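We just call them A, B, C and D in the order they show up, numbering each chain from 1.
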Amino acid sequence: MQPNVISLVSIGRHPQSGRARRSEQDGRALELGLKLSGSHLQVAHAGAYDSTFSGSAEETVLRQYAGMGLKQMTVLKQSSDADVIPSLSHYLESQSAQVVLLGVRAESGESSGMVPYLLAESLGWPIVSRVADIVSIENGEAEVLLALPRGQRRSVTVTLPFIATVDNAAPEPRQTAYGPGQRAQFNAVDTPEVLDELRINWVEAPAKPRPKRLKVIKAKTAAERFKAATAKAQGGSGKVMKNESAQEKAQAIFDLLIEEKVIR
Amino acid sequence: MIFDWLPSVLIAIVLMLAVVGAVRRISLWRAGQPSPVNIISGLMAMPKRYLHDLHHVVERDKYMSRTHVATGGGFVLAMFLVLCVHLFGVDSKLLAWALLASLVMMFTGAIFVFKRRRNPPSRLSKGPWMRLPKSLMTFAVTFFVLTLPAAGILPDGTGNVLLTLVLSALILVSLGEMLFGMTWGGPMKHAFAGALHLAFHRRQERFGGGRSTGLKPADLGVEVHGVSKPTDFKWNQLLGFDACVQCGRCEAMCPAFAAGQPLNPKKLIQDMVVGLAGGTDANYAGSHYPDPQGKGREPGSAKGSPTEVITAGLVDAETLWSCTTCRACVEECPMMIEHVDAIVDMRRFLTMEKGETPNKGAEVLDNIIATDNPNGYAPGSRTNWAADQNLNVMRDVKKAEVLFWVSDGAFDMRSQRILRSFVKLLKAANVDVAILGDEERDSGDVARRLGDDATFQNLAKRNLQTLSQYEFKTIVTTDPHAFHCLRNEYGDFGSDALDNVEVLHHTTYLNRLVQDGKLKLDTFKGGTVTYHDPCYLGRYNGEYEAPRELLRSMGIEVAEMERSGFRSRCCGGGGGAPITDIPGEKRIADMRVEDAKETQADLIAVGCQQCTAMLEGVVEPRPEIRDIAEILVDQLIEEVH
Amino acid sequence: MSDIIRRDPRTEWIARNRLHPLYESVINANAGEVRGPTGLLRKNPHKVGFIGPNGIKRIDRLKGNGQGAGAVGRGKSSANEPVLALHQIEAPDFYIMVAPDLVGGRLTSHDKDVLGLAHKLCRTYEADERDQGRSSQGAVVAVCFGEMKEESLDLAGVDRLIHLQNDVFEGFAPEARLEAVAQIEQMYQPKHWLFPDSIHGGADLGSRLSARLGERPAVQAWQVDTQNTVCRGASSSIDITRATPRILLLLEECGDAIDETRHEAKALDVDAVEVSAVNIVDHGLMDVDPNAIPLAEAEFILSAGNGIHNWEQFHDAAKALGATEGASRVAVDDGFMPRFRQVGATGTWVTARVYVAVGISGAIQHMQGIGQCDKVVAINTDSGCDMVKRAALSVIGDSEEILEELVKIVNAHKGQVSPEGETLEKGSEHAA
Amino acid sequence: MSQFDALFQPLNINKLTIRNRIVSTAHAEVYATDGGMTTDRYVKYYEEKAKGGCGLCICGGSSVVSIDSPQSWWASVNLSTDRIIPHFQNLADAVHKHGGKIMIQITHMGRRSRWDGENWPNLMSPSGIREPVHRATCKTIEVEEIWRVIGDFVQAARRAKEGGLDGVELSAVHQHMIDQFWSPRVNKRTDEWGGTFEGRMKFGMEVLKAVREEVGPDFAVGLRITGDEFHPDGLNHDDMKKIAQYYDATGMVDYFGVVGSGCDTHNTLANVIPNMSYPPEPFLHLAAGIKEVVSVPVIHAQNIKDPNQAKRIVEAGYVDFVGMTRAHIADPHFIAKIKMDQVDQIRQCVGANYCIDRQYQGLDVLCIQNAATSREYMGLPHIIEKTEGPIRNIVVIGGGPGGMEAARVAAERGHKVTLIEKAEELGGQVTLASKAPQRDQIAGITRWLAMELDRLGVDVRLGTSADEALIREFNPDVCILATGGIPFLEQNPEWGAEEGLVVSSWDILSGAVEPGKNVLIYDTICEFSGMSAADYLAAKGSLVELVTDDIKPGVGIGGTTFPTYYRSLYEKEVIMTSDMILDKVYREGESLVAVLENEYTGQKEERVVDQIVVENGTRPNEALYYALKAESVNKGQIDVEALFDIKPQPILSEAADGMILWRLGDCVSQRNTHAAMYDALRLCKDL
């Protein structure tokens, strides 16, 4: 039985040009959705859909998603200053989705990454974040691979229905094709619109790069500052093994590796 | 002769059959998409095109051209006279003697065809083609014998029943091949389809020494983009496929074929024929696509029909992506078939409909769309390379004599050396030059060759929009690909930005400067130099001479490679081939450097950043590779002001 | 006073005569450092040496030269570690909760920054109260789950500690942890909840709590005071300034780690947490190809220097250990390793939790590149090299022999753990 | 584009577009002669950097604005006269031609100079406090003089501008006049030029205002400042942030250059140009701290030598430009090589500080490993062209720096080169030198050469001892002997080298001899080898006394390097004894006794130790030379006239059959790495 999968997509932002694009993670969420349910996949976007939509950058981007092989896509009509949660959760409930896939964080806007959590809370579903792959869905349960830092992977199972945020470690989205993208139909749906009131009071400004902190020298005296700046890094007193047998030395290293869990 | 009427009846019957064959063949072609042609003027122009344009290509192989003149010319003449003498019964000794003479000529030609066929080179197809010399000779002998009485050499009525029957059988055999086979689908089909192809060619501009190399824009917003099935081709493209004589000259020239990539242009055209007529490639008797990875496609396993998707069983997508669009096949084809058009048409389907551009293709296209350059660099860093060049930017100056189209080499450290050299030369010649700076965008070349004509057209229109804001007389670029787009392909988008603007490659422009004495050059002393013709400069735009003249102006006597000029071998860098990166047995660039090594060259002069990159990618030891601008700059005698 | 030289001619005389029966004791008595009243070492350059058998003044530093010159006190004066002031809170009036990532059971520098910020907020609230004429004291509480290896919670600014160490919280247990923090929220009604906005679990737990409580958190926050918070948004291309909410997900370097005070790290009670209906079940970590992990990110690096002579063995060892390969500049320059494997200022900066340096003596540039590594293990023939000084564990000896033994032990271990050679180890493994 | 993109983002300083983020910061070149005029040598030195792609060159470290701020003994540029203007025009043209930009540092040195030369001026400083490094006593500057110096700054700036330079950098660093006024360590004035913060700032501010007024708003004016003087009574980092902000607020400063550490003591001076013992970019945090508070670009140099390192710093945004001054001295084509994807071919600075240490001795700046640097005007090439003459068979014996450089240059010329080395590894004495603590970087010299030899396909035969027969087998056209030297322990038979009573520093550094417990090192050379051996032994736990007959241990080591040795030796409680001659050594039981004699009094004393190391230089290892000399066509002779003239050796164009024999490096007589490599380059560049 094919699960009912919905992928949610947003308008991304190219890091170099700042132009609207297919978002990295949402693209992967869509790809994962296609893998799980092929042509049955439903794709939705909450955003502006009005007279300016045609020919807009948003339309171009949505058609890029559609170009991955979608016949149609749902647009939940929302103005740009709306809180999309009520709209999305209303939609998801109405579609009786079993798996909802979306990126970890949007590339534009607040990019707080809260949307999936708020949806999960409002629907009362479990959420797994930073998914690298969904291996199988059987017996009301999905086997999911999570992406951990340093390229590591964790295997978990989660009961349906659930929400998954898709990490950059998930398979790359397929190429978008122009023709199908142009032909895809948008089903514009009216959904409840709630103004994001909190955000109205926010001030936005272009961000300056934030260099990472260098060594913090809190030394008080000039001589200490001098030393701290010019001394080489030394960890201090470690354990030194000299006269033990090679076997004992190797064992000591091994014990440390086990202790640090780099060998399992 | 006993049954005097028999030959003429037989001829008439075969002629009828030929007409039936022709109608069938024409209907196969007409299943393609409309492409308006002027039928009358096309047919009128055909003989001249045959004698001039086609023969010009055939003439490159003297043996074959003489053979063909004798055989083909002899046949056409003989056939005409046969109709006169034997069908319409014109009683003229003169005609009969002429017929005999033409048959002798044809026979002589056929002997050479026969000789050629005794041990044919691998590029030639075999199968039915092996019997063709025999058919030709049979025709000649049969009608020779048949005509002897009419010429008065033998008395009328010579011969007996047996001879008559034998001759009649031979008439059927030879005319079957020569007339019915011509229209129904035998080896002689090439004459029929080839002649019509000359008349209704999709690129009429090619005739009379013209050049037509720009791709035709794809229709956007249609139900299916590009060519998915044979009937998606224009009807005259299908006709063109049928013109193929399977001489394999394309195969011999194709760099991908030589590198063992799964492409053979001849086989591809034959597969198109299979597609347009329906069936399999079982009867194909030439070299197949190389199969470097041993995927094993048995002859006969490629199936197609006019309405089936080509890449679903007839041709592998890999075959289409192996092409570097170098046009060597087109240049070499005596039947003037347009292989590259067909390949790009089919790629358009794969990219714009299927989203199946292999390897880095998708990434590159995404980058071009989001950043206007194939590697996804910040559009605002396009002019970083020129920070120390003191170049005028059009946005500031609005007009300049020369617009230097920098192209995407701006982002590449190696190419920047070419750009800087060129700028230095321009400055030394006091040229009033400006660049578009960050307003420039990728020309769209790669997107177009990868089949994404939507993105190409988008870029072209935006570039034209930018260009239209400024005033300049000449565009010069160091990138032959951008050069080609600007010169030959941007004209299709209804902009007047390039009206009265001369688009030049930098070697052409530099050569003018040198010839006008604006640049003073020292003599080059660096060993043997060979020159590699970039495909998009040479075959696409016919510029073979300016780079050579430039080299000569530095005292360099170019040690020409065996394949140079219009027969130059591609570097492997065109058509997005490095992006789609279809594996072969060898790398094209390696072969090209081998070509150069045979000349003992220490230096390969190039006029294209893509070629430079490809050839420099070949592991050392190999000759040094430099753009002509770089060589010039080292020989530049700087005037002290 | 201090410049008066104290002499004892008799002792000097004995010290000059190695055959004197009291020689040893005199020398030993002088072996200790002579220090003046300010504690500074005193030396008398005039009194170095003694007259040798040839009647020539003799200096013998090993055996002693008499007063003040014997057995020089080598090694650093074990400088008294300054004892930091203890920040004590009797009865906190309010709490600021920090849920550190505690990667590998230790506080990350990100965690420490967040703790530092928590204190900064604390101090501001206290000052505000003071301005109002009230007195109020806040406590920074670390809410920790699972295994704890951190030994200096007190120095990182933990006033109170909630440590939940129970099977249900081990490994990947986001639901249980959410229940726990929700319960803590109910019990203590903290002024703030601070989470590191990290991929180590902080962002996840913080987002879950925010959603549960229905409070809008500040995410990717990096400049925070009690009034306003600046957050990064739109792929870090914009800064959003907003009123500081109660829940904050904080970027690295959002604050300065505590370094001048000690804290009590006193346990704080939490009622037993009810964990109902678990929908997510952890099945442990998967094995991944260590060489597919970018060097800069690798958790475990086996790195080679010019002390390696058997390169095949080195590669085999890396494979057996499941370590990502690194190299010193010399090993790369000499052509034994590819350039992209080079660690150091002139190559890649690495962040491994365990860095095993085989035959790398530790050029200063190399040391810069491993500055962020947690545990360094040195295998070297030179016990005096800088890598040994940097390492938590150093073994001195022939690397080939030691690697051989190590590989043996590891292979034996692997045989025990998963005799069928499964790629997925189910069950017991957790890395918080 | 490449992984180094961050370095190639152009950035403006005022109206000046700098093509990349790499700067050659101001340093004293010691090439200006004729009363401080920039010479052909000077111009070519900077032109080479511009040609190699350097973004901005700030030339003329400590170029003086006033006639009473002496420049002659370190031959800096003199901007106190209009005579300099045409010289600047040459300089500017040469750099601009290659797309580079060039500015000059201008300053008044105040007390930080010497008075004993040129015009014999009275040195001036805010409060007349003596400067220790130059032993410079000085007067307290009077208000009239202050205004005169401000006027001199204005004139100097005008001259720079009229000469076509792209800007001026006001030096408020290294304890020059401006920061002498800033620093409470030296400014004890109570008038309006001292006392308060504003008072201390006043002189610099007046200079800035006056200069800005003269040059107009569009001409680049930078300010080079310290990030922390590291003196208890000096300016600390917070002070400097405040000062930077104060000047930045005027909007008249176009960039700040930040240098870590003050430098008016020997010990702090060493920080300013960190040698190989320092960590990479040790003072970056100071520059980054200044960047946090100013609105204009910040430049920072100091131990940034590698493209990856530079990229990391710029990419992270700590500073806007990285100074890679010594990196450019070692390889002026640094940037070009990055752009040509030849990063591995960059000759990387190893921090030997030969350049700066020569400068502090008043000698011209040279690179220890690149003899072409600053000799461009003589025709010594950075890029060796292939020969157009015959391809020769060259055999080089000896794989030290001289032999390797000879092999490299010959191979670049296109010859067939074989290099034979007795040891199992290349490097010669450089390898030994690299064994000492904090000296490992020096091996970078020969490691680079080894990589080049590999790239150039030189046939390197290790572990091969060359004799006449072997060389004859090769039948070389040219045989170059670079067999180095042998430790010279036999000079005084009383040392007992024959009986093995003493060992050499080579024995110690190579590990051939185990370190003793109580060691005396007798060092007559007083350069790196003795200090290194002492440091090595002390690091291994030996008790060490370093004795020399010279005036102090390491006296031959330059001003930025001996302090780091001293830091290390004192910390390890090495005793340093000068003025003592090693008279004799004898054994007493298990111990060795060294008899030392005071050079000045003749008084003797003894040391009881268990190991004695003698560093007495080397004697040439010349047996092979004499064995081959007779049969060579040139009898082993080098035409020194041609050699010194950088001309081809005449023998090369003479049609003589047989082998040409040359020797170079310590195998002729003991000199140093630079000498060996210089000879190798000038001999082989015309091969």
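The criterion applied here is as follows: contacts are C-beta pairs under 8 Å (C-beta built on N, C-alpha and C of every residue); 3 or more make two chains touch, one makes a residue touch a chain.
All values derive from a computational prediction rather than experimental measurement.
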Point to revise | Selected interface, A-D versus C-D, where C-beta contact pairs are more numerous | key: C-D
Practice item. Could you put a whole-Å number on the gap between the CA centroids of chain C and chain D? Key: 37
Check your understanding: At what distance in angstrom does the C-alpha mean of chain C lie from that of chain B?
Key -> 67
Review point. So how far apart, in whole Å, are chain A and chain D when each is placed at the average of its C-alpha atoms?
Key: 51
Review point. Taking each chain's centre as its mean C-alpha position, how far apart are chain A and chain B in Å?
Key: 48
Exercise for review: Scan chain B for residues touching two or more other chains and write them down.
Suggested key: 377
Revision key, fill the gap. Where chain A touches two or more other chains simultaneously, the residues are 210, 212, 232-233
Practice item. Spell out, as numbers or ranges, the residues of chain C touching 2 or more other chains. Key: 364, 367-368
**Study point:** Chains touching one another, given as label pairs in label order
**Key:** A-B, A-C, A-D, B-D, C-D
Review point. For the complex, which residues does chain C have touching chain D?
Key: 49, 52, 54, 56-63, 72, 74, 330, 333-335, 339, 345-347, 349, 361, 363-365, 367-368, 384
Check your understanding: Along chain A, where are the residues that touch chain C in the complex?
Key -> 13, 15, 18, 107-114, 117-118, 120-121, 126-130, 145-146, 148-159, 162, 198, 201-208, 210, 212-213, 216, 218, 232-236, 238-242, 244, 246-247, 249-254, 256-258, 260-264
Practice item. Provide the residue numbers of chain D that touch chain A in the complex, in ascending order. Key: 228-232, 234, 236-237, 260-261, 268, 271, 274, 278-279, 282-286, 288, 316-318
Exercise for review: Quick one: which bits of chain B touch chain D in the complex? Just the residue numbers, please.
Suggested key: 375, 377, 381, 384-385, 387-389, 411-414, 416-417, 525
Check your understanding: Okay, in this complex, where on chain D does chain B touch?
Key -> 1-2, 5, 8-10, 17-20, 98-100, 338-341, 388
